[in-house]
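Read through the structure below, which is laid out as structure tokens, and then see the notes.
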Amino acid sequence: MSLLKVENVSRQFGSLIAVNGVSMTVEAGELRAVIGPNGAGKTTFFNLISGFLTPSSGKIIFDGQDITHLLPARRVWRGIARTFQITEVFPELSVRENLRIAVEVASGYRLRAWLSSTANGEVKARVVDLLEMGGLAPKADRLVGELSHGDQRATEIMMSVALNPRLLLLDEPTAGMGDQETYDVTQLIRKLHKDQKLAIVLIEHDMRVVFHLADKIMVLAEGAPLAEGTPKEIAANEAVQNAYLGKAA
Amino acid sequence: MTQLLIFNMVNGLIIGAFYAMMALGLSLILNLSGVINFAHGGFLAIGGYIAYTLIPFLGFWGALVAAPILTAFIGILIERVLIRRLYGRDPLYSLLLTFGLAFMIEDGTRFIWGAQSLPYQIPDWLAAPLSNELFFLTGYRVFMMVLVTAVVLALFLILGRTRLGLRIRAGTLDLETVSVLGVNVRVLRNLNFGLGIYLAGLAGVLAVGMLGLQPNIGDSLIMPSFISIIVGGLGSLPGTLLGGLLIGVASGVTTVFFPSASEAVIYVIMAVVLIVRPRGLLGEEGRF
Amino acid sequence: MLKLDKRSADALVWLALLTAPYWLPLIGGYTELGSRILILALAATALNFLLGFTGVLSFGHAAYFGLGAYGAAMTIKYLYPSTPLAILVGVVTGTVAAAVIGPMIARLRGVYFAMCTIAFGQVFYFIAFQWNTVTGGDDGLTAWHRMPIDLGFTSIDILNDNKAFYYLVFTMFAVAAGVMAWLLRSPFGRTLLAIRENERRARFLGIPVDRHIWMSWVISCCFASLAGSLYALLNDFVDPRALRWDQSGTFVIMTVLGGMRSFWGPLIGAAIFIELQDFLSSHTENWESFIGLFFVLVVLFFPRGVLGLIKRKSTS
């Protein structure tokens, strides 16, 4: 059974059809990329999967269960985590505190007024793990709002990993980053994919990142699916080239 | 019985129109600038007091015209000097500021004009009832109704047909884009605030003719304004208008059956709306 | 500047509060003033649980403060002359009201939420005003007083002994502040911080935001109503002014003045504000204008508050 099955979803805003009949199947452990020119509806597509929006039509099935109308928080509980185009973290808390909150919520402690020293110890250990994984250990006690863009993104990604998701949605993780930061984030994503065996779907504009990471690529243009295939196939696809570069005269 | 009901419904409509006018002023400011002007009641009082001061010089009608304009000027000044500084910040601060202003205005009016009720003279022919049958309808109430209707219509015309109105409406939806398009947002906010305060000032002048003039006259009227907005829907001016009329009429009708509950009923309506349709009757989704 | 770590600072504050009746007279104060400051500080601290730590803009806290006050006063006057019972009833009244109103507004945010809290505050003001047969209306509820606490083997005369009453207030404050501080340091408390910092991210970590806001709201109003009960006992009197919008505004300004992001901010803010209010009202009839001016000045020039300023200075 596929992990995620998006069946012909559409989303309208008044007369604007942002997403038009898009389907996608993701198997456990896959790394997919969704690309397309600006305004293609990629983020809206993510919003539908993560629960930020509900589709005007179509179904979303995660792990065999219909989650089409499920609230975002509940989808998190089911195993879907996401990052946002503009990094969403807790700016006036330290990296450690950011991760700690994520771990505590993921462990089911969100209503607890007290933790036993064992539980506390486990939480702390997990936070240390995540800090190491994300290369954030040296900055653990600094306020996230003061960190570089790349480190903020890494924090956000590690917070999402803390939730033990089975599907991780990354919306333009390298947006606004220079070469070094892009490289670091790409390496992080690759490591997570391999070590944690997560299914990852990412939206990206940076083609180097896409071709470096993705098993399969889906191209959206103007809300509708344009092509789907391996990186090699997509690179050779004329329709895709046209969508990005405009039709040759 | 029916006569009593009609009396109270008409009365309620008049009061409701009045609440609506004040609430519209509050709503204008809230929608464009995100500021809850807690001092709105204070400006209403200022309107009344200025009118009172002007009557010996300009007469009833002169004061009616001049006082709201002067009040609006005071509002524009306050916006320019104080409120403007808080736009980027947490709404907490602008609310605290207007709280403080409300204190200052209430105490200030008491200081300048004294704490007792002051007599406000309206022309005799207005004060007289229309006829023996319609004893409850004094000319003043009719006049008020007519004036409020005219002003509200004018407001919607300004918003719908003039450039200023267009900019205000656009700014309510997306202030950033409006500023990028070259509109001077500072001036726009300032004028919008002035417009809102004009309505408060006018409400004040009209109110004192009916309720008499005391420093805390704004107090009893600010809550119905809040509730008009909550009931009618945040972000919607027609909603605010509807909300005001609705609670006015509801209040009037309730007076017939449960006189002591006539004020309580507006809070009940608010609670019901919040439970059943939190965005308000005509409110836009996602506004909050 | 003397640098204190958090533990020492906390200990110092508790020590100062514990011994207040003894050092207050030395600086021109008196025990009852200490009780008053502590009670209002409790209300402000309760508000700050919601405002400074959960990031929720509540402007109608006087409602629950006032409900606590009326609950306590009416218990002694009409039900049974017992101080502990009065406090209990006051707290239950305020908390239940908050629990019921909470769901109506927990979905709202920002200015809209603030408006609704103000409106609901006025509901109770209006009731207290109108229902004058029971509540005494505008004149307030008189002809009652706080009762000595009968512990069986001894009786604590909080009626005549101001020190004893202060220590009752101190005990309540200590318990309430202790619980709030403890909660804020717990996993649950951290979810509230998360909501304050970034509601969207909190939601996408799986935190049911509306529900947690409701819980924070109820906790906050519960302790505000405790403060209210004590306030009624302090004055042997309660009137609708305890429920008015200006009382709500006072709590907020105390919190902002002391520093919203610190636990002790509201206490400091309360102390300063009450001193200022006492000073002004004894020197001029127009003290309300000056208080209003004070609000304006704090907002424009001092938004981070006393402790916010100190924190900044110590990190730079």
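Think of it as A, B and C in the order they're written, each chain with its own count starting at 1.
What we mean here is this: a residue touches a chain if its C-beta (ideal position, glycine included) is under 8 Å from a C-beta of that chain, and two chains touch if they have at least 3 such contacts.
Note that the structure is predicted; figures quoted are calculated from it, not measured.
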Chain whose average C-alpha position is farthest from subunit B's own: A
Most centrally placed chain, judged by C-alpha centres: C
Centroid distance [mean C-alpha coordinates] between subunit C and subunit B, Å: 32
Distance between chain centroids, defined by C-alpha means - subunit A, subunit B (Å): 48
CA centroid of subunit A to CA centroid of subunit C, Å: 43
In subunit B, residues with contacts to at least two other chains: none
Interface residues, subunit C side, partner subunit A - complex: 182-183, 186-188, 190-191, 193-194, 197-198, 200-201, 203-209, 212
Of all residues in subunit B, those that touch subunit C in their complex: 30, 34-36, 38, 82, 85-86, 89-93, 95-97, 99-108, 110-111, 223, 226-227, 229-230, 234, 260, 263-264, 267, 270-271, 274-275, 278, 287-288
Complex interface listing, subunit A residues touching subunit C: 50, 72-74, 76-77, 81-82, 84, 88-93, 97, 100-102, 104-106, 109-115, 156, 159, 163
Interface residues, subunit C side, partner subunit B - complex: 51, 57, 59, 104-105, 107-116, 118-119, 122-123, 126-127, 130, 245-246, 249, 252-253, 256, 286, 288-289, 291-296, 298-300, 303
